[in-house]
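Step one of this worksheet: look at the structure below.
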Amino acid sequence: MKRLKMGMVGGGPGAFIGEVHRKAARMDGHIEVTAGAFDIDPEKSQAMGRELDLDPERVYDDYKAMLASESARSADERISFVSVTTPNNWHFPIAKAALEAGFHVMCEKPMTMTSAEAVELRDLVRESGLVFGLMHVYTGYPMVKLAREMVRQGDLGEIRKIVVQYPQGWLARAIEREGVQQASWRTDPKQSGAAGCIGDIGTHAANLAEYVAGIGITELCADLSTFVEGRPLDDDGQMLLRFDNGAKGLLHASQISIGEENNLAIRVHGENASLEWHQENPNALHVRKLNAPEEIWRRGNDYVGEKCEAAAKCTRIPFGHPEGFIESFANHYVNFAEAIRAHAEGRNPSADGSDFPSVDEGVRGMRFIEAVVKSSQDGAVWVKLEND
Amino acid sequence: MKRLKMGMVGGGPGAFIGEVHRKAARMDGHIEVTAGAFDIDPEKSQAMGRELDLDPERVYDDYKAMLASESARSADERISFVSVTTPNNWHFPIAKAALEAGFHVMCEKPMTMTSAEAVELRDLVRESGLVFGLMHVYTGYPMVKLAREMVRQGDLGEIRKIVVQYPQGWLARAIEREGVQQASWRTDPKQSGAAGCIGDIGTHAANLAEYVAGIGITELCADLSTFVEGRPLDDDGQMLLRFDNGAKGLLHASQISIGEENNLAIRVHGENASLEWHQENPNALHVRKLNAPEEIWRRGNDYVGEKCEAAAKCTRIPFGHPEGFIESFANHYVNFAEAIRAHAEGRNPSADGSDFPSVDEGVRGMRFIEAVVKSSQDGAVWVKLEND
Amino acid sequence: MKRLKMGMVGGGPGAFIGEVHRKAARMDGHIEVTAGAFDIDPEKSQAMGRELDLDPERVYDDYKAMLASESARSADERISFVSVTTPNNWHFPIAKAALEAGFHVMCEKPMTMTSAEAVELRDLVRESGLVFGLMHVYTGYPMVKLAREMVRQGDLGEIRKIVVQYPQGWLARAIEREGVQQASWRTDPKQSGAAGCIGDIGTHAANLAEYVAGIGITELCADLSTFVEGRPLDDDGQMLLRFDNGAKGLLHASQISIGEENNLAIRVHGENASLEWHQENPNALHVRKLNAPEEIWRRGNDYVGEKCEAAAKCTRIPFGHPEGFIESFANHYVNFAEAIRAHAEGRNPSADGSDFPSVDEGVRGMRFIEAVVKSSQDGAVWVKLEND
Amino acid sequence: MKRLKMGMVGGGPGAFIGEVHRKAARMDGHIEVTAGAFDIDPEKSQAMGRELDLDPERVYDDYKAMLASESARSADERISFVSVTTPNNWHFPIAKAALEAGFHVMCEKPMTMTSAEAVELRDLVRESGLVFGLMHVYTGYPMVKLAREMVRQGDLGEIRKIVVQYPQGWLARAIEREGVQQASWRTDPKQSGAAGCIGDIGTHAANLAEYVAGIGITELCADLSTFVEGRPLDDDGQMLLRFDNGAKGLLHASQISIGEENNLAIRVHGENASLEWHQENPNALHVRKLNAPEEIWRRGNDYVGEKCEAAAKCTRIPFGHPEGFIESFANHYVNFAEAIRAHAEGRNPSADGSDFPSVDEGVRGMRFIEAVVKSSQDGAVWVKLEND
């Protein structure tokens, strides 16, 4: 199968998520890193190019140069898509320019700095017909797909309650003032946006809840906090949720909960059964039915595939051989690549080729962030979440 | 050591918590069940008396008869205290009458139907000087006492955030209409009070949070739900909390979360460390410090006693031999009995003899229930919790 | 129900297991501690009697005095049975004397010092028709009874393999030389018998395996070790097992495995399904079937009772309210008491009244110990286990 | 950094481990799949080449053709090393031929069919000076490296006891007769060798024990079983072990333990502390010290790197973002690649460049298999393990 060529913006020396994009994209052999503007400092960008054994001509000083130069190459040679892995404030201009230059885009979340930008991007994607992926990585896990399928098949009955959490502890101290790059941009409103913790990880929690349960948040009442003195953005947030089917929910996210690592977890309670999934133990899904033993479904077993083909298809190795975060990431790339191939071949993508977060989730995420911030600023009052 | 004589109200055939009171009281040999008005039906009361091998003369038709008859016995012979284990609506009149008749009281929670009654009871306890215990059973666990001690010693630093949960699933269906006694009184406002799930178990969660963290809830914003159609009380509730030291919190309780059994759990996050404890795995306490391996402290080890004498003293058997709910219950009875002996001997009780939930926690619980109900009824708005 | 009167030998100040016998016997209200020869030192025995609020006349200097004096009392007044909770070397003479005096006996394990004594005791029980219980406490757990029932009902098919372990760590150092009473008698061949770790806890593991799987060990190959220098008995042992149905097994026990507390656990693998149970988490039973999600069965649920009545009957409190070691202990006492009542009433005991470890398990345990010691002494070779 | 070129033998359509080799080799961008003889059927080999988007000229009919053709290419263009991912019987001839043709080799385990072949291969590696890696994947996990480091630094004191297990359940039925390719070659002595379960996974367990504890097995007493009728090789095995420092051990492996997935786990007990690690939860290492809370060390934290540089260096993503089996695999490839680069540059490899399983582990593994088979065939007697 012809490998797709990826051009990156971001992912220079010291970046976390850019390198994950590369590992995930490479793992399955469908994609190769071909070009990049890896860092705002051209020296560092070139250094990363050498580290990656790239043709130096395809390592660029900035994304504009990359888009211009790659556009000028032959269809066969030029990059197929652009991965945007910069701090948040750069997502919108880069994604927009890439789309305008005719490239498909895989973008980190949150998609933009404002919902207005998000809507503009969505319109651009719709007009262009190009493929746009948003890296809400956690919905790439097979057991999350299985959970969604169980809800879809009605195993839970009507959903009543969702509890979703995303506690971390790594920002419990002001390490942004100690030169930790991952911390400094995330706590800076100019680079991170209107929310800190809620934008960085709260959006993942909201996205996961809506993805699994198949229902939408309509209203929320949020209380954000900044526990580390002098930090200009929230480092903790919690909220009550109401969903369009009448379900209630609870979402909390934190970056000051010491000892919590990356503890995204969700419980969905329906009138007939409940589900529970933990990102730190991602190969298991807990299912609980009325008056029955708890069931633990484990990735890679035949019974999983019999229930949910999508979960089986994004499984690489047998049960008991743990898969992790990078594989989840890679699953979105595999499906994104299928969508690009379908686009190139002028056909509709397979079901898999539509199963990755899109620009719509990006708009949704920005609506969520803005509603949360408004709710909290107004004293933790109820705010409606626009649904479009 | 002279055994104390216990007179029970409630705990007839089919009761759950009354029998637990008996087992817990008997276990350590400090207390014997001597008298009782076990059921509103005198036949059933006598049947229970026979089951318990009691003197039939000390099995009564109702609590008034018990109080009158026992008062008339010699000091040596009569019951030392009354345990109130009826549905909620009977707690207040019985406890009041027992105190007025000069008996110490151990009472189930929630203490009364209203905060006004609670205050009246508190005043009566204060005036009488009698010993009053309230069965918030979960603070009887050794590892909960250890958690409190770690907070007291400052191991966590300033508390920032508390997440406390109490999900159950046993009321996911309308089993109160199928003759399940435990369900029918709990879902009946006349017997249960203004709140259902929140009164029954939400109060435990609030009590646990304040006990462990040593800080008080000042404000809350609560959203109660009734998911089972036709049920007159809440069967699920969730709320945002604010504490007197500026900490934030989250409390959720549910009786419709299928597959959850009795999953009370708490996480306390401070500026230096975090704690986590689960009632269903009560012999372990998780401690997490900045940049250090997670620690699991286990009941019964010497290192626990070196840190917290109270935890060691309420431990009966060596590490690895699981202790459970009944022992936690019994711990409150042991300390309550010590308080009664101190009272009898005209001395101050030991530290243990003050370490059980008192009438003050009862008042606090009623304030909590009323604030939650008000908040929810007014549309899930912020309500202040009176502190007295 | 008429309470049974218990006379104890052992369980003086500082004893571990004697106090557990008392708590377990008292908990359910069927038994009261009435008499005792609690310590080899009469002073200490009387002190314990005072602690227990006993009639001083029924606190004895030694077991012979107790048996003589109690025999002389009226049928209504005298003790119903004797609990033997001394170090191992005293089990046989006391149990024998008690039976000869016409008392039922509950005895700690291992039952005797040699298999010859064990056989003598068994013959005595058979001749006398008296009730004899052996405190292999771990088969009192409800989920162990459920496991046995699943095997009996054929859910696992033919048993192929058993892995049973009992690691502890508390004897990793020579604490017997630091005055720790629990350690000193257990490491002394004169009080403990031919084996240390294997007699103390290895027998529990073997008993559990045979109880759950319903098959018998026929042969074993054991390697015992003494890791703490100067200790005269084994403090660690491991062995290969073969069973009468062709199944294979593995048993290991240790008292020098630092950090292990009381980690008795068993896995039973059949041709159709597997079971796993852990004593430190005793309220759950893991069931695994071919190509199906793992099931966790939890104590107290209706579905447990529907599968196994015995498990439901020895459950005291609802699911999610943890039961522990003392309840397991108490379950044997409840069934033992039923057997005694049946004996008194001249009827056959109910099924429950036969469901506690008997003198036959005691003989079996001594055969096991002797075979293990012989195997190890001969260089870890295969030794047949006599089956009688 | 210049990418290394990999030539594969094996890994055709339907293969499990060959595809894992590819994903692991590709992930970090140091290696690209360049050539291959993927299947014994040339058609299938070409099909795999197309799937991988390879130059068809570099997809070969068999390994001899590959070695001949690649040798003829320029140093810059030809493959750097050969990965051998065939059934066991092909490992030796292919690895030997590759070494003789001057290529470095990464080989699946068990290395050969006999210890004689293993020794021959070892001699060839020593003479040639070429780099040889053996894919004992599990020692690639960061927390396994941390465990080894703790032992090396003396945290455990003298090692007393090791319990290592590797249960699986996927061969509980005769699926080799239902056309399951993974099962059919593994249960065929001609392709698998003298042992089934023990060769396939028992060797991993033995390798892990020796790697972590740094001590060598000197003697063993093994009981192998074949539970599935008609299967010509063992599908279950268990054994007692003795180590060169006087420690004792227990190893059991199984492929008929229903519900077990890939449950490799190890406990190492020393005189001062114990370690426990589970492959299915690979990001955690449990550490238990005398009279101290259990510690859970988690991959990716600074405190891990402060203790063990090797663990930190083979960690790709932050704590809480699970890493799995493929990363462990890839870690060996990263270090293997460093060794090849050092060879090319005529320098000694870094510490990392020596930290992957070598031909010596391959010899060791074959000695182990042969000793186990001999022990079991002779009636489960003690057999010495040659140490060379």
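Order as written gives the chain letters A, B, C and D; numbering starts at 1 within each chain.
Definition applied: a contact is a pair of C-beta atoms (placed from the backbone, for glycine too) under 8 Å apart; a residue touches a chain by one contact, two chains touch by 3 or more.
Because the structure is predicted, anything quoted here is derived from the model rather than measured.
Chains that count as touching both chain C and chain D, per the definition above, are A, B.
For chain pairs A-D and B-D, the one joined by more C-beta pairs in contact is A-D.
Put simply, the C-alpha centre of chain A and that of chain B have 44 angstrom between them.
Spacing of chain B relative to chain D, judged by their CA centroids, is 55 angstrom.
Taking each chain's centre as the mean of its C-alpha atoms, chain A lies 34 Å from chain D. With touch defined as above, residues shared between interfaces to two or more other chains in chain C number as follows: 260, 294, 298. Chain A makes touch with chain C in their complex at residues 287, 291-298, 301-303. Put simply, chain A touches chain B in their complex at residues 160-161, 163, 165, 167, 169, 172-173, 221, 223, 225, 227, 236, 238-240, 242, 248, 250, 252, 254, 256-260, 267, 269-274, 286, 288-290, 294, 379-382.
On the chain B side of its complex with chain C, the touching residues are 1-3, 16, 19-20, 22-23, 26-29, 33, 50-53, 168, 170, 260-263, 279-283, 298, 300, 316-327.
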